[in-house]
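Should a chain be cited, it is by its letter among A, B, C and D, assigned in written order, with residues numbered from 1 in that chain.
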Amino acid sequence: MSVVAEACRDAQPPAAPAPTKLFASGVAVPGATPVIPLRVLRERGQREVFCGLTGIVWLHRKMQDAFFLVVGSRTCAHLIQSAAGVMIFAEPRFGTAILTERDLAGLADANAELDRICVTLLERRPDITTLFLVGSCPSEVIKLDLAKAAERLNARLLPRVRVLNYSGSGIETTFTQGEDNALRALSTVLPTTHERQILVVGCLPDVVEDQFQRIFAALGIEPVQFLPARRANELPAVGPQTLLLLAQPFNGETARALAQRGAHIVPAPYPFGVEGTTAWLRAAASAWGVAPGRFEAVTAPLAARATRAVARYAPALRGKTLFMLPDSQLEIPLARFLARELGMTLLEVGTPHLDRRMVDAELLLLPATVQISEGQHVDRQLDRVRAARPDLTVCGLGLANPLEAEGLTTKWSIELVFTPIHGYEQAADLAEIFARPLDRRARLKV
Amino acid sequence: MSVVAEACRDAQPPAAPAPTKLFASGVAVPGATPVIPLRVLRERGQREVFCGLTGIVWLHRKMQDAFFLVVGSRTCAHLIQSAAGVMIFAEPRFGTAILTERDLAGLADANAELDRICVTLLERRPDITTLFLVGSCPSEVIKLDLAKAAERLNARLLPRVRVLNYSGSGIETTFTQGEDNALRALSTVLPTTHERQILVVGCLPDVVEDQFQRIFAALGIEPVQFLPARRANELPAVGPQTLLLLAQPFNGETARALAQRGAHIVPAPYPFGVEGTTAWLRAAASAWGVAPGRFEAVTAPLAARATRAVARYAPALRGKTLFMLPDSQLEIPLARFLARELGMTLLEVGTPHLDRRMVDAELLLLPATVQISEGQHVDRQLDRVRAARPDLTVCGLGLANPLEAEGLTTKWSIELVFTPIHGYEQAADLAEIFARPLDRRARLKV
Amino acid sequence: MQLTLWTYEGPPHVGAMRIAASMRDVHLVLHAPQGDTYADLLFTMIERRDRRPPVTYTTFQARDLGGDTAGLVKAAVTDALERFAPRLMLVGESCTAELIQDQAGSLALGMNLPVPVVPLELPAYSKKESWGAAETLYRLVRTVLAGSLPPPPVVRRGVPSGRRPRANLLGPTALGFRCRDDIEEVKRLLGQLGIDINAVVPLDASVEDVARLPDADFNVDLYPETSRSTAVWLERAFGMPRTLVVPMGVGATRDFVAEVAALAGADPAAVLGSERPGIATAAGSRSRLPWYSRSVDSTYLTGKRVFVFGDATHAIAAARIARDELGFTVVGLGTYSRELAREVRDAAATCGLEALITDDYLTVEQAIAELAPELVLGTQMERHIAKRLGIACAVISAPIHVQDVPARHSPVFGFAGADVIFDTWTHPLVMGLEEHLLQMFRDDFEFHDGAAASHLPNAGAPVAPGEATAPTPAGTLPLGLANETGDAPAWTPEGTLELQKIPFFVRGKARRNTERFALERGVATITVETLYDAKAHFAR
Amino acid sequence: MQLTLWTYEGPPHVGAMRIAASMRDVHLVLHAPQGDTYADLLFTMIERRDRRPPVTYTTFQARDLGGDTAGLVKAAVTDALERFAPRLMLVGESCTAELIQDQAGSLALGMNLPVPVVPLELPAYSKKESWGAAETLYRLVRTVLAGSLPPPPVVRRGVPSGRRPRANLLGPTALGFRCRDDIEEVKRLLGQLGIDINAVVPLDASVEDVARLPDADFNVDLYPETSRSTAVWLERAFGMPRTLVVPMGVGATRDFVAEVAALAGADPAAVLGSERPGIATAAGSRSRLPWYSRSVDSTYLTGKRVFVFGDATHAIAAARIARDELGFTVVGLGTYSRELAREVRDAAATCGLEALITDDYLTVEQAIAELAPELVLGTQMERHIAKRLGIACAVISAPIHVQDVPARHSPVFGFAGADVIFDTWTHPLVMGLEEHLLQMFRDDFEFHDGAAASHLPNAGAPVAPGEATAPTPAGTLPLGLANETGDAPAWTPEGTLELQKIPFFVRGKARRNTERFALERGVATITVETLYDAKAHFAR
């Protein structure tokens, strides 16, 4: 936790006065206001969120030698297709092994069927080096053992192809938890290293990865590995000298699994916005032992440039009220960015799952007045949105247009996982994502 | 004339019995029926034809280092633009120096204005090596002397750019006569050669030029030059040892000008269809002295292949009646092809201008019953079309749809100058152009 | 187990959602996990709906499985009834709930709700979306009309007398292909014949509209995939005749008018009087298609080789239009609608073809690649295939995309629909005059292969929403056999050079034809002469 | 003398032809050489007319010049009268005949024909097509109404009472942009307000219709380029008020309805009652544009930089729609209509711009290249420019192309016109959701730069006829300054590599911005840092 405090000390001053507060765990932050227990509204009811299968949409693109085979139903296939849009002109590197009546009735041996499909598929796609078997709601309900299946197939296919398995089912996982499960599965097969290194955990766009890599190099930090790597068969190593730097707030299970491999988690806010990026880098630099002067010399110009770029959007967002519906677990770090660097007023910050260990450092930076909600009862939550009439509501695509029709301005949240938003160079892009709907509403005179 | 007779002797047999006849000049053709004087209906009235400016559309594309500057009115600019279609995404290599009131009122010196425009233009387009000044109706009526202008400009611009002039005016020229005038202008600046060679006269698509070049090579005939060449500044030479092989029936003035330079015209039908192509090649081969055996060996397989391809369209066309309105002067050779190789019945073959010296060899091959018309009185001609109700009417784009609406099937004639139709390999394409409208009418059930 | 990369249809509960979302006062409770809520965005984003679909999900989680998931169903039903106050409640299960066997429908039935409850059985492991929509509509209609059944024997209704005839329009749904606009055109046609519309079901219908269905004289079975089972039941139970013709294309619209007029006892001349089949003038039809198709710039369209794939209704109609109204040659016809496979087989037979009945995207792709058509008329799936293969394409059928729900009125039924079709399908193909000008210009350095011409789809022209894909104007050669087989013949440099002289928009075909010709004759090396041998062998 | 490569307008006699071809019983005799007959094909091919335009040409030749060319005129007039039996004869000269000064109009007037003769003076060396059309219409109307002038003083007419109000629609012509469909929409609007259409002139009008013009209460000046002079004369001579608003776009249509209702004494609520400006629901307007423009997938459109050029009427309306209804930023506005330059200057001023008034294609091209907009709204000319520069484009104005005369109903006026505009203009731009998905996929080997995505225009979506050009999806970089200036800064290999990571559909802009940034700061070599400095400097 001290690293976090360190990381935050010299963060960019917030764009509007945003009182920091004492986190429930009791760690004091410099300049913090009196201790206020974290208010979390826990709700249960209809959830309007994606399941973990959705992560396949970005994971399969990051790892171009991997194939994701969902073992499930036509619904699973339809979900991924709908989430991905109908825009990909190539044979995709994901698919669904659809269970049929024959499988359920025991007329076919589901295990044998799955093996047959995998082998056929891999024959057709010699470019695939890693096959992920992805569990779904139906496969879990019927207790189809994909771990066993992976074992069986590995015996047959290794070393040409490695078969891994994880669950993306909607009864177990929400949206970005699919990535966490996939990376956790990968983490079990990472080679061990005793070299001192940083391992950045979380799927990042290549362009962002390159930017961070350049900064780490300038700081003299190397080697820096990324999980996932661009090729699934080029596995980073992990070990007791490995520092884990978490790029996404939703990969808690992966982080814990890697910690069990001996790696040390570097606590930090997430690299969203200038403040978050600096704090995240500072945490890494401190842990690595980079001299503060060098850290300043490398990051200050980048931070200053990014601050100037972000400032362009502050007039549009300052003082505007924000309501975030639960979606990706990115809500808390993003709310921190919007409140502190752009001066937005947070009405409610919803998250599908509040993993305190993962967002400790973020919660410290949130204004004391914020209402956090975990889980969902969508109808009641929409009642609160209607009562609050926020200036901007962040929500899923199933809700955005209906809310617009009620006169509310919305930002659809899935853009936040599909767009490069990490790091200094994307900080202004991230601000612009929230400013644009307000800009649009101001422009339209029809 | 003997060369023509020679050329025709072993031509492919016509697809349907088509009695040849004695041309008015009295030359017998083997197998000819009794002498019948050529029936030509000469008409005067409204003409529905393009002027010679239209040739710029294909000439500027053939010679990629030439610019065609029409000296005329907004009408001229609009005509070329409309004929070319609005489809060219680059700055075109043709333009119009539009006369304005100031020029006509003598407020501006038209000659000085023209010089200014030419110099500016050529500065902008350093890739241009030849500039054609093209006379138009207005420039001729006001007697603007473009020959003098070219002389003036050459004094200034040679050797970098050569300036030539010709008339494409509608009061002097019809459609394809613009090419004739352009080539005649080129012919005045061809270097002289005393080498024995063949010069093919008439603008041909490159692919056709290459096909002919291969055949000439196989026949042992070389060098073979083409006018125009692909670059306007790579001029073929001409001289007393030059044999002129005419690829188009409308370049009479050019042929005569080249004859004055000492070249010898090889009389022949034109290379449309298998028969025409063989006859045309045979005329050249005979004139060159190629052994008949070699000629057969080279051409027979090509002719046989083309005959098979053409035969595909005979069932659709045989016995169908044809009415051709005057357009490009291609009408007579094409009528010969359609009658003899495809068995069509010719009702009337209109031509804007009947240059007997140019179509002697063709007229010999036409059926005796044909009605040829020269010039036009469009309303009376349309009355004849309506009375005859031909199976297929070949006409311009201004008339095609109105005739279709009267239940007649038409083929728009401008396609015949914009499509590769010469030679063996295009013989079937040429047949298909006429078969397609009939095919379409048979298909449509709506 | 069946490997699926892309799927033409969603699961059957999505079909049920389409019925619920189509109607004004029906609510659907789905026993389903949270991930299944993705389907909401199909309605709010593809159709840009300004309200949520009337669906409540139980969103049970793993931790609920040991507990009272049945209780979740009852709670959801109670909440939905209170919050949304529907006039009728549909209750069904998605694939996962089907496995835990809570019998959601029966549970809801047992709750003695104050509104009718329609329990849905939606076998997720054997049926698909269209079936689910048809089944839901059928169950809903039967439930609502259960008390109105006439006593046997049921007599087939005749032509009405003494009043204007009345018709129901059955089948248009949310997420259906152009339903929104097609029903306007069908209403217009019926109006011109003096036929009143009794009810349109299910799109924008109320439960009350469903209750009034028997007041009509006959049913227009507009979208057989969705409404045939209902129309057949209404025929059997109420003696109501139903239409068989779907009015897509000029010819089918004329046939439909004649059929409807006969069922209604109306005078078809009110519409057909101005139709002059076979007459080529601008005034020969209420559609511009017949004249535009005869306009000389359309000559170029003649004999273009077309591959058709979609749902059965649109595929069958498209094949007829392509052949009879646009002068194309249909080289392939297929459907993913297994329920109507017989009808598609019959239609294919009239084109001398064997129908392709499959829901396997890869099979369709292979068929297209082998046939190498010049135009593909298909779904968004085929648009992807065509794009990849460099073939022109227009979309004719669901599954739809946001681009298939344009702002402008874009029917494909009726005379106005035929106009839309003319623009949409011909646009991807090169327009006659421009193509031939192009042919001349192909060697021009300013007009190189990379510069697409204005006649190409991406440069403009009448494209209907979401529809056209340009053929690849690549300098490299699309669709050569070499892309697919390892034993393709080799080209000599001279052969390649000659091939490059062929305009780019026919070069792919020329290459393919030449290679096929060479393969068939065992020619290992393609020379200039092979190229011309092949050219002479194949029709242009 | 003026060098012209492409021309926006034909000569004035083509304008006269457009009036003659618009009407049903008028014939035009043109003293002109044979080449001028090319203009017939504009009507038979661009508009696919099924009859020849009612024009007789004298087609004099050089050999006639010494002789009796005046006799040719008389013979042509006599023949045309006999063969075509028009109710009115227009007689004019093309450019060449103007020079030989036969005074064709006077000659015809002197022939004492049994029908009215309108001699036309069409100064070919100073005026152009639109002027010719306006002048011909004006002369024709004055001639026909010469005997109907009310005695002075002329009193401005008030709102009619005791009967339904009546309006004339003035200005639609053959070869006008979407006139065929626009007048249907305007008729619909007036009908909804309870206003009868007295006459539509000149499109499909008879001489009798022209004679009845004064029976209306006011004139709708739909196409000021053609009809303003006539509307102004009718106002002066008959006291008939005229409209000033052209109903293109939702806002302008609402304004037009209010204006027309005021002139007619009608209740605008009949139409405007269902319009709820500023309200974002699907039911807030008769047009879908307001809702579609607010649908969250349209957020992406915000602030797109747009260049507008066309005739004055369409350019002014387009700029308003682009700014107020689609949320674009208008960065350039211009016209080739010098007659209405003032109005365009005023409209440009409201966008903070100076209008570009020119008929020089090269000037327009240069302006577009310098402004580097993301969308061009222009004529077919600008479509070519945009294509060459790799910029998206939609066509909004004459001069038209065959693609601008689609089979389907494609208005740009009225509420339905706004729907067409939404589809047509947004289509070339990337659709929000898909773009962002794309952004993620850009590095994917299966999704390389050369493979255009479905969101790009050439892959479909609602394009109105003849309208859209895709931005160049080239892996090479469009619109870099290096293409235009010799002194562009050099890119380091690392800089180029980083640039390649930017998605292709914004890469051109990124490159240009970076180079401009570097140039302005005297940076000779562009590194990765220069790229990001520029990114931070310019708005996204």
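Throughout what follows, a residue touches a chain if its C-beta (ideal position, glycine included) is under 8 Å from a C-beta of that chain, and two chains touch if they have at least 3 such contacts.
Keep in mind the model is a prediction, meaning the values are calculated, not measured.
A.B. asks: Which chain has its C-alpha centre farthest away from the C-alpha centre of chain B?
C.D. replies: So the chain farthest away from chain B turns out to be A.
A.B. asks: With contacts counted as defined, which of the two, B-C or A-C, has more C-beta pairs across the interface?
C.D. replies: Pair with the higher count of C-beta contacts: A-C.
A.B. asks: Averaged over CA atoms, how far is the centre of chain A from the centre of chain C? Could you give it in whole Å?
C.D. replies: Averaging C-alpha atoms per chain gives centres 38 Å apart.
A.B. asks: In whole angstrom, what separates the CA-based centres of chain A and chain D?
C.D. replies: Once rounded, the distance between the two centres reads 49 Å.
A.B. asks: Specify, in ascending order, the residues of chain D that touch 2 or more different other chains.
C.D. replies: Each of 45, 48-50, 280-282, 289, 291, 295-296, 380, 384, 387-388, 401, 433, 451, 454 in chain D touches at least two other chains.
A.B. asks: Specify, in ascending order, the residues of chain B that touch 2 or more different other chains.
C.D. replies: In chain B, residues 86, 88-91, 397, 400-401, 404-405 touch at least two other chains, as defined above.
A.B. asks: Based on the touch definition given at the start, go ahead and assign the chain network to line, ring, star, complete or other.
C.D. replies: The chain contacts form none of line, ring, star or complete graph.
A.B. asks: Where on chain A does chain D make contact in their complex?
C.D. replies: Checking each residue of chain A against chain D gives 57-58, 61, 64, 84-91, 93, 205-207, 210, 214, 305-306, 308-309, 312, 397, 400-401, 404-405, 407, 410-412, 415, 418-420, 425, 428-429, 432, 436-437, 439-441, 443-446.
A.B. asks: Quick one: which bits of chain D touch chain B in the complex? Just the residue numbers, please.
C.D. replies: Listed in rising order, the residues are 1-7, 9-11, 13-14, 33-45, 48-52, 56-62, 64-65, 76, 79, 83, 94-96, 99-100, 123-126, 128, 362, 380-381, 384, 387-388, 399, 401.
A.B. asks: Going by the contact rule at the top, pick out the chain C residues touching chain B in the complex.
C.D. replies: So the residues of chain C touching chain B come out as 249-251, 277-282, 285, 289-291, 293-296, 298-299, 301-303, 323-325, 327, 433-434, 436-441, 443-447, 451, 453-455, 498, 501-502, 528, 532-533, 535-537, 539-540.
A.B. asks: Which stretch or stretches of chain D touch chain C in the complex?
C.D. replies: Against chain C, the touching part of chain D is residues 45, 48-50, 280-283, 287-289, 291-292, 295-297, 380, 383-384, 387-388, 393, 395, 401-403, 406-410, 416, 418-420, 422-423, 431, 433, 451-452, 454, 456-470.
A.B. asks: Tell me, which parts of chain B touch chain D in their complex?
C.D. replies: Residue positions touching the partner: 45-54, 71-75, 77-79, 81-83, 86, 88-92, 94-101, 103-104, 108, 110, 113-114, 116-117, 120-121, 137-138, 140-142, 169-172, 174, 379, 396-402, 404-405.
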